[in-house]
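Written below as structure tokens is the structure these notes are about.
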Amino acid sequence: MALTANEITCDLELVRERSPLVHNITNYVAMNSTANALLAVGASPVMAHAVEEVEDMVGIAAALVINIGTLSEPWVAAMSKAAAAAGKKGIPIVCDPVGVGATPYRTRVFRGLIETAWPTVIRGNASEIIASAGDFSATKGVDSAAAAESALASAQWLSGQHDCAVCVSGETDYIVDQDRVLLIRNGHPLMPKVTGLGCTATALCGAFAAVQPDRFRATASAMAVMGIAGEIAGEKADGPGSMQLQFLDVLYNLTGADITQRLKISEQ
Amino acid sequence: MALTANEITCDLELVRERSPLVHNITNYVAMNSTANALLAVGASPVMAHAVEEVEDMVGIAAALVINIGTLSEPWVAAMSKAAAAAGKKGIPIVCDPVGVGATPYRTRVFRGLIETAWPTVIRGNASEIIASAGDFSATKGVDSAAAAESALASAQWLSGQHDCAVCVSGETDYIVDQDRVLLIRNGHPLMPKVTGLGCTATALCGAFAAVQPDRFRATASAMAVMGIAGEIAGEKADGPGSMQLQFLDVLYNLTGADITQRLKISEQ
Amino acid sequence: MALTANEITCDLELVRERSPLVHNITNYVAMNSTANALLAVGASPVMAHAVEEVEDMVGIAAALVINIGTLSEPWVAAMSKAAAAAGKKGIPIVCDPVGVGATPYRTRVFRGLIETAWPTVIRGNASEIIASAGDFSATKGVDSAAAAESALASAQWLSGQHDCAVCVSGETDYIVDQDRVLLIRNGHPLMPKVTGLGCTATALCGAFAAVQPDRFRATASAMAVMGIAGEIAGEKADGPGSMQLQFLDVLYNLTGADITQRLKISEQ
């Protein structure tokens, strides 16, 4: 059975009530908008990347989000250290393979990361998920080049190999965990016109995984909330500038009724 | 006597007339919104953190703002160097202890910084001010965990120890300088839902301290302008997205009449 | 003959059709807004600065944009490496001398960069162009201190010396290439009140140079689109907050009719 609107609303309420501290080691481009989205959904964001403090920050966090969008060696070292600490502590680790496949360095770093860390969730677009799974395909920057469906096999492989939930986001989002697959068809064409909304989706997965122990459900709830907020925002927006603003306003004010009326979820 | 609306308006006019160059060594999350707020209030922002140039940048600046939100060793080195140059030159140094208390590294770095630099103003939330003052309390990320009032004793201790003004910001802002205490009760509940507005308040303290030599008055003026702009913006906003936009628009258009009508200031 | 509205519209259509991947090594302040502007104009942005991957990223990019706004040694090394790779590959290199003249380090780095790389376009404000050309003048931060006209001689010198197009932006934009000079008088007084719009102009030059091989025309088209979008946005805005939003919305929706009605271009 697919996840219900009620269950998603419950998860959203949990995020708002518990306001989990989400520790982000993320990219320069999306840092501000990610922090704002986490605040808007009701979570508590913190960004910290110094090797001197990531273990301590993980120590007070309820989830760790790792995003390699603007990676460099000092940040990669911090990501590894933070992931090890999160694994030891047992908090969820959500990983975003931004641009994996675009350069060998990015691909190597991300594969190394998920081999040593045990991610709870991996979320990327189709080409990133394909490249993360070892198929060799050059992505066109950080946009979704391959169609989401074609990444399904890669996602299932990744899920099995790394014992995690995987989300392939696109016009249809695929949430995969071993043999389970959910499809979410919410969203709006303006979403890919705003930079960092993929990174925001990953951060929301972190917020939901912090309060919902079922990783498959947490990922689906986060992506449904993301898609529905984006859909409502897109209908109110005149372009990517107002889209950004509306997205945060809508996410902040999102109700169970919005979720019930809008949710387009199905099992494969 | 508490600061009057007229005095605050005069300070705001000074910022707009002189457009002081404020050199910020700040965090990745708030850099863009801080720069925009400094422009909106009439100041001239510059962000620079390379050890090779911070002394020269201080040389042309009217104030230095140091914010440890996303600190790492190379940045800490630049902060120390810049602070030493600012001290030698005699321009105000405003420090923001973002997340102090959350990790030992952050606490150690910030205490080291204010022991060697001579800050003119320190602005933080209650838990950050408590941790900066040496009370050992773990903050919950970068939000205000402790109530502002409880930080008053710490603020007074910091003010005496480091010969500076201290602002504890929250629903009520406390501006402290030795035995003087001012309370400002402006603001709006949406303000903590926008990331980096605390960092923005710190940057505004820098802009005001650059033109107003009385550090206590400069801090109070900056926080009053911040709170009043936030209050008006909050009343116009539908959520944290529109709050961001409105805050900059309101700050840019703020009049003496707004300040006169809204100001809620009192002595303790 | 000056560039026509039709030619500019053709270039804009080319950007939208081809969606060139623009590789940015840029500053922390403007990264998010630059990425959003590139998306709004129809291009595909990627930000990457690790020395381990810049050559590979250049390998899949259609243009390279280098902006020294928040430079430091590891970034300078990546800029050099990326510029060499872009030169070898033959894609356009657009350079932004943010704050050149403000500190000796900045000036030295930028001059070194344009001496070894072969920039296709240099875009800066008047004081930055003057300082890049070797006149010794201290800029007041990153704002335009000198009037744009006074930089014309420096721009012509730079254009000859480095065989590139040069844009001096300000109330009037001067686009220079050897003995050709175009003046664009579009824009709005709110534009300098939004941080990073200069950096955005530079990034747009990259997007246009990626699809239009005539560097002089590409630069003029980008600056005209920038100025006209800013002009329309400014008329709709109530301050710098709404200006940011409107700029992206307008840029995204800009039509040939807007360009035809608004364009103020002339030869010198």
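Per-chain residue numbering starts at 1, and chain names A, B and C are given in the order in which the chains are listed.
To be clear about the criterion, contacts are C-beta pairs under 8 Å (C-beta built on N, C-alpha and C of every residue); 3 or more make two chains touch, one makes a residue touch a chain.
Just so it is clear, the model here is predicted, and its values are computed rather than measured.
Chemist: Using only the C-alpha atoms, find the rotation that maps subunit A onto subunit B and quote its angle between 0 and 180 degrees, to the nearest 5.
Modeler: 120
Chemist: Counting residue numbers used by both copies over all numbers at the interface, does the subunit B-subunit C contact come out same (over half shared) or different (under half)?
Modeler: Here the answer is different, because the shared fraction of interface numbers falls below one half.
Chemist: Take the average of all CA coordinates in subunit B, do the same for subunit C, and state the distance between these two points in whole angstrom.
Modeler: 33
Chemist: Residues of subunit B that touch two or more other chains: which are they?
Modeler: Answer for subunit B, listing residues that touch two or more other chains: 28, 32, 244-245.
Chemist: In the complex formed with subunit A, which residues of subunit B make contact?
Modeler: 27-30, 32-33, 69-73, 99, 102-106, 138, 140-143, 192-196, 237-242, 244-245
Chemist: Tell me, which parts of subunit A touch subunit B in their complex?
Modeler: Against subunit B, the touching part of subunit A is residues 21, 28, 31-32, 35-36, 39-40, 44-50, 52-53, 56-57, 60, 74, 244-253.
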